[in-house]
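In what follows, structures are represented as structure tokens.
Both complexes shown next keep chain A, but they swap its partner, so chain B is in the first and chain C is in the second.
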Partner chain A sequence: MIARGLLFVWIAVWMVLGFVWAPVVPVLGDTTRVLYFHIPAAWVTVLALAWSMIQSVLYLAKRRMEHDDHAAAAAELGILFCIVATISGSLWAKAMWGSYWNWDPRETSIFFLLLIYAAYLALRSAVDGEERRARLSAIYSAAAFVAVPFLMFIVPRIYDSLHPSPILPSPREKGSMDPRIRTVFLAMLVGFTALFWWLLSLRTRFARVERRRLDAAAAGA
Partner chain B sequence: MARSASSSAAAVWAILRKECRSEWRTRYGLNAALLFAITSLAGVSFAVGPLGDRTDILSGMLWVVLLFAALASLSHAFVREIEGHTLTLLRLVATPTAIGLGKLLFNLIFLAVIEAVTVPLFLLLMGGPPPKWGRFALVLILGSVALAAACTLVSAIIAQTRGRGALFAGASLPLLLPVLAAAVKGTRAQWQGGTVGAEASILIAYAAAVFGVSLLLYDHLWED
Partner chain C sequence: MRPPPGHEERRSIVNGNLVVMGVSLLTWAATFFYLLRLERRIKDLEKP
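Our next item is the complex of A and B:
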């Protein structure tokens, strides 16, 4: 309860500081501030996908429904953060590159993540039976895991991208980043990650209660 | 160990022969897939007309047609077992891995037959410059192997779901995007006189990765 309140205050305070305290980068101008939302959201997207896939593999190995709860919850939250990252990036692209969408390698990879999430959730909704749903979606998740490194890391490195610094600022660019911008950025990164973990724990606890209720109803009937 | 390896190779071979024989008996899967591939090719050709030396568009169109053909037909091998209620019997006589590998080989042959008709027709109708045959064939073969490996695994999953056909296309595409990207770039590069080494190695690595993961995952496919 207190932790949740602190999290909200933390994010709100750093959001305000991002506008009033941190300076803007000369070329980027006011669009600098997308940094505080876009990169943390993109980071959480990747984190959620990795978490979902790890939990899927754990489910296949151990067959405990908690792993499936985590995989499903992380995917649901992942698609949410993925949409935030896509829209904020697209708005920024319109401001800086003059077009909302032009299949830059980074845009391709975020769209690809969105596709994986959507397909995973569509697959879940199309399978009858709790155990079979968990198993089949875990298999799909593990298979999609193979494709992720190819699009996230290989394709953008082979083909040129206009996108500034891949995923996280490289050490070279970090040196040139204003310390105040870096502070706000890292604080927002922490805030977004904590927000994800809090929502994830809410979602998985809810799934646990729901399963207990269904089990009790089945036992009573 | 050697004996189990040889017996599973025999099982894969038996599955492949069974697939080919039951397909050849009715040929409805093949006929439908060929018709679909030619229809989508005719649609593309009619919509954009002969493209001449626009090799950038040609290579994209070629792979869109092949992708459509694969998405329309490669789920057939597993869906047929579910719809004919023959999967249980199949599971009694062979391991999941043998079934998966047999169906993968069948899908490869299936795709090769479709391409043998579609690709020459595509080159004819779209009026592109003659490709550099060696590099063109290399990209085509590697792309098809990667396509078949990913499609076979996804089709085994979606065969057990509701709304199979629509879901197959949606669930396969994320796994096929790396293949599509590399294959289109490779096809374009050979037309423009470049090398295809980078694309070929991406396709090989991807096909090997999907194939390796498939071997691990086929065991979990059917447990109920």
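Our next item is the complex of A and C:
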């Protein structure tokens, strides 16, 4: 409970500091604050999909259903945070570039990522039988993750993009991002990451309860 | 180049930022308390 309270205060305080303490980037103006939500959401998307892939591989190796629960929950959360990143990015694009959607390489990549993982959820809901569903979706998730670094990191660097790149300056370029902006940004990354682990634990615990109930119903039938 | 905002314009920008900050905080608080309630329910379901 204390950890939950700390998470609430952490995100709320850094959110306020993002508005009242951190300066704005002159080019971005007041829209600078979108940075504190948009990039942490995109980071959690990659983290969640990587976790889904790791748990899928573990499922294939050990055939334990907890790994399947984790893989499914992480993929669902990956999609959720991907939607948050897409919506916040779209609003930011409207403010900066005058249009909600520009088919920029990063926008196109995130769109394909959403399609790939929507297919993962469709696969899970289409296959009957717990073991079979877990095995097929583990294979799909492990294979689908190959596209993640390609779509998130490689494609946007190959083609000209409206997005600024890199987002975080390299150590050689130290000083190109205001230290106060960097502090709030990194603090929000930490906050979003903690929020992801909490959501993941809730979803996997619920999946366990659901399975226990189904097992009890099957045993009673 | 756009001239720097005047006194009135600056005040409306500040007010706009405060509104966005308030909405963000409210959204976060609502999400957080919803998740806490959800966790309590899951805890109840976990009881044998």
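Just so we're on the same page, the second predicted complex is superposed on the first by the 210 of 221 C-alpha atoms of A that agree within 3 Å, B and C clash if a C-alpha of one lies under 4 Å from a C-alpha of the other, contacts with A are read in each partner's own complex, and residues count from 1 in each chain.
Criterion: a contact is a pair of C-beta atoms (placed from the backbone, for glycine too) under 8 Å apart; a residue touches a chain by one contact, two chains touch by 3 or more.
Note that this is a predicted model, so its numbers are computed, not measured.
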item	value
Which superposed partner A:A147 touches (first chain B, second chain C, both, neither)	first
Chain B versus chain C as contact partner of A:A50, first or second or both or neither	neither
Partner chain(s) touched by A:L115 [first = chain B, second = chain C, both, neither]	first
Chain A residues touching chain C - in the complex, by the definition given at the top	4, 7-8, 11-12, 15-16, 19-20, 30, 33, 198-199, 202, 205-206, 208-209
Complex interface listing, chain C residues touching chain A	13, 16-18, 20-21, 24-25, 28-29, 32, 35-36, 38-39, 42, 45-46
Chain B residues touching chain A - in the complex, by the definition given at the top	150, 153-154, 157-158, 160-163, 167, 170-171, 173-175, 177-178, 181, 185, 198, 202, 205-206, 209-210, 213-214, 216-217, 220-221, 223-224
Chain B partner contacts - residues on chain A that touch it in the complex	60, 108, 112, 115-116, 118-119, 122-123, 126-129, 131-132, 135-136, 138-140, 142-147, 150-151, 154-155, 158-159
